[in-house]
Amino acid sequence: MSGIFSKAMARNIFYGGTVFFFLLFLALVYDTERELPTRDNRQNLSAEVIAGKKIWETRNCIGCHSLLGEGAYFAPELGNVYPRRGPEFIKAWMQSQPTGAPGRRQMPNFHLSDEELDNLVAFLKYSSEINTANWPPNIEG
Amino acid sequence: MNTASATALTPAPPAAQYRLAGDLAIWIFILAELLAFGVFFSAYAFTRAHHVELFDAEQRALHRDVGALNTALLLTASYFVVRAVQAAERFAARASSHWLLGAMVCGAGFIVLKLFEYGAAFDQGVSLSSSPFHMFYLSLTFFHFMHVILGMVILAALWFGARAGRYQPGDMNGMETGAAYWHMVDLVWLILFPLVYVIH
Amino acid sequence: MQYKSQAVAMPYFIAAIGLFVGQIIFGLIMGLQYVVGDFLFPEIPFNVARMVHTNLLIVWLLFGFMGAAYYLVPEETETELYSPKLALILFWVFLVAGALTVLGYLFVPYATLAQATGNDLLATMGREFLEQPLPTKLGIVVVALAFLFNISMTMLKGRKTAISMVLLLGLWGLAIFFLFSFYNPHNLVKDKFYWWFVVHLWVEGVWELILAALLAFVLIKVTGVDREVIEKWLYVIITLALVTGIIGTGHHYYWIGAPEYWQWWGSIFSALEPIPFFAMTVFAFNMVNRRRREHPNKAAVLWALGTGVMAFLGAGVWGFLHTLAPVNFYTHGTQITAAHGHMAFYGAYVMVVITIISYAMPLLRGRAANSEKAQVLEMWSFWLMTIAMVFITLFLTAAGILQVWLQRVSDTPMSFMTAQDQVALFYWMREWAGVVFFIGLLTYLASFFVKGEAKAVAS
Amino acid sequence: MHGSAARATLLWLVLVAATLLTWAVGERGSAGPHVAALLAVVSCVKGGMVILDFMVLRHAPPMWRALTLGWLVLTWALIGLAYWNGMPT
């Protein structure tokens, strides 16, 4: 017999350890909330950007694309598409979909109005100005 | 027959018998914690290698006196905990609870000094994002600080237990488990202090 | 089956398996769209297929968890379920809500669906895995609360074991963290930050409690090892899981605008995340080796051991591969992530649900274990699906490494689509592995219908 | 197995004295590999005392002694390696 191993102690350590690390996590979350204003580009959250985010969501863009690396990996990263392609290209691209090229991946046409396109572009511009610790490694995303 | 039962009742000589003081569950937990701290310490050291001058300069600005005093407080608390365990092992529950109280006073002293140190640091704009050194300084000491607080909670539980006469020879698991955790908190600080406050 | 009310688990298990089939069919569609881009376009665009694929996965796992709870809790608490009728009503509510949601995805344009379901009142849609319309999200909350009420009331009136407590804790955590799906701030960084409170704190937090509890339950039953031994190891394993997993959330905060110290906190703690999975594997094998009885249900034992190994490989090893910030800088948002996601979900959650189904279903059908023939077929399906998943993961990993190399590391980086064309061969191989997986799944289905000499219920 | 009070007191005195030494080195501002090595050794000795005597691992199964003492030495070895890496060449 090299020692004791009791269920009650294992249980106490589970509850204690969980509470401990959850509190630690909350402390870090609290600090993050304080630090975010310097990084998250909130000063540029205009009405257009907010409207653009909603268009982004209601067209389920994340189902093919990634944004800051999160989402699906079927189509290009869009967190930095604004500096990569520029606003006019983005709008023209959206309007010319789908390409219909046989065998190629297809993007639906969402029939966005000019205003909606501008909002979406504003959202993508705002997203590209978030401080992401220099991610992605290069402009191709 | 009689010989056999007599042998079973006589404990084996202690030296010949290995025994882990404290519950196996806490030792697994301690190992996991030590691993996390060990990786964190190494991360500090390897990051320092890239920013030697910054680390050395900002390290000089820390309160070494407070750090050293805190080391002494933790060591004393650990010593008191040892005495508390020893007292409980000779049926001296009252003495044991007094030693534990002493350990908690030392722990509280650590916490007060640490809060003072943090207050001064925050006033100077030190934050997790202000520099790599500050990131590690705050992360490591705060992670440890929370361990001290948890250790205090455990010591308080032991104190109540000791006063209720819960620990005695043959029934030391709770006390030894709590003691092992507290010593771990001490052990980690014995690396943290020279590493973060002194070595450059 | 010792308690009559355990029978409500059966429809849950059947629904789970049915939706699993649906999930895999949509997975095959997506896999093909990766290489034949216009396949089923415009009828089922990729984003719709993906939404169905991932949402079906979540819903069928939830069906599995709920069925498992209805089966397990009466037996653990040694009392009948508080309300079997409520359990059956919830089953139909959840099934109909789930089916309507999927039909909505398939037949209504997403923007129209959003408008029709009140997304303008509270915008929660269009975020990965949380695409469900508002009524569905609310329905999930209602069903979850009623389910938890039923289970908690059952627990209150019966014996409280460690296994049922841990399971309950996991299920409550699941419901509570889902509430973050209603929080969708305009600020993209905060949106993403708290989105992980649902996703990460589910799969690398509270779901692990459910996983460990289910595994512990089945191990007690099939090995006959002392409950005391199994339950204390259960506690140790879930302690390690949460100690590493909670702060491990940080590995999602490297590149989404959160402060940079998360790179350290996230790397250090998530680097330790394989430990609990390793412990679980060792634990499962250890218990089976120390078994005190030969349970007639060999297939369930195989699934239980498989869960340990595959969870360790998928969640532990494949997670570790890209969790350190300097590596993740290059791999974030590539096929490496997809590789990890597939094997981790299969190894940890799919397999544990199949484990409990494999153990409980014969008992629900009035026998200790299925016939030898049915079990052999089920074990074939185990190997087919598991090996296929290993290959899916390997091919996606290969695709990912190549993608990272061409698109991220190279001095002259390729554009996304150019790089995708370069790795098409791996996508083809992944699709074929997917077909094998589907064959394995069909084999699994078939194993339910194989007749033969059934093992009688052990007295 | 928890030793005598006198031994514990002696260990405590040694530990506090060693802390004073570390503090004094810090106050003098001494730097360089020799100083770092000295402080590492002092820390290892102190840690060893806590592990073997306070945590009573002296009487524990060898595996546990190896794990804890090994952790102490390995951590300092890694720190030493990093220190050496950061030295001006």
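We just call them A, B, C and D in the order they show up, numbering each chain from 1.
Here is the rule we use: contacts are C-beta pairs under 8 Å (C-beta built on N, C-alpha and C of every residue); 3 or more make two chains touch, one makes a residue touch a chain.
If you want to know which protein each chain is, UniProt gives these names: A = Cytochrome c; B = Cytochrome c oxidase subunit 3 family protein; C = Nitric oxide reductase subunit B; D = Cytochrome C oxidase subunit IV.
Treat the numbers as computed from the prediction; the structure is a model and nothing was measured.
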item	value
Chain separated most widely from chain C, comparing mean CA positions	D
Pair joined by the larger number of C-beta contacts - A-B, A-C	A-C
Length of the line joining the C-alpha centres of chain A (Cytochrome c) and chain B, rounded to whole Å	41
Gap in Å, rounded to a whole number, between the CA centres of chain D and chain A (Cytochrome c)	46
Between chain A (Cytochrome c) and chain C, centroid-to-centroid distance (C-alpha), Å	23
Inter-chain centre distance, chain C versus chain D - centres from mean C-alpha coordinates, in Å	45
Sites on chain B at which at least two other chains make contact	18-21, 25, 27, 29, 35, 128-129
For chain A (Cytochrome c), residues that touch 2 or more chains besides their own	2-3, 5-6, 10, 13, 17, 24, 31, 35
Of all residues in chain C, the ones touching two or more other chains	232, 235-236, 239, 243, 259-261, 265
Contacting residues of chain D [partner chain B, same complex]	1-5, 8-9, 11-12, 15-16, 19-20, 22-23, 25-27, 29, 31, 35-36, 39-40, 42-43, 46-47, 50-51, 53-57, 59-62, 64, 67-68, 71-72, 74-76, 78-79, 81-83, 85-86, 88
Chain A (Cytochrome c) contact footprint on chain C (complex, rising order)	30, 33-34, 36-38, 41-42, 45-48, 50-51, 110-111, 114-115, 119, 123, 125-128, 131, 162, 184, 186-190, 192-193, 228, 231-233, 235-236, 238-239, 242-243, 246-247, 249-250, 253-263, 265, 329-330, 332-335, 337-338, 407-409, 413-417, 419-420
Touch list for chain B against partner chain A (Cytochrome c), complex	18-27, 29, 127-129, 142-143, 146, 150, 153, 173-174, 177
List of chain B residues in touch with chain C within their complex	25, 28-29, 32, 35-36, 39-40, 43, 128-129, 135-136, 139
Residue ranges of chain A (Cytochrome c) touching chain B (in the complex, touch as defined)	1-6, 9-10, 13, 16-17, 20, 23-24, 27, 31, 35, 38
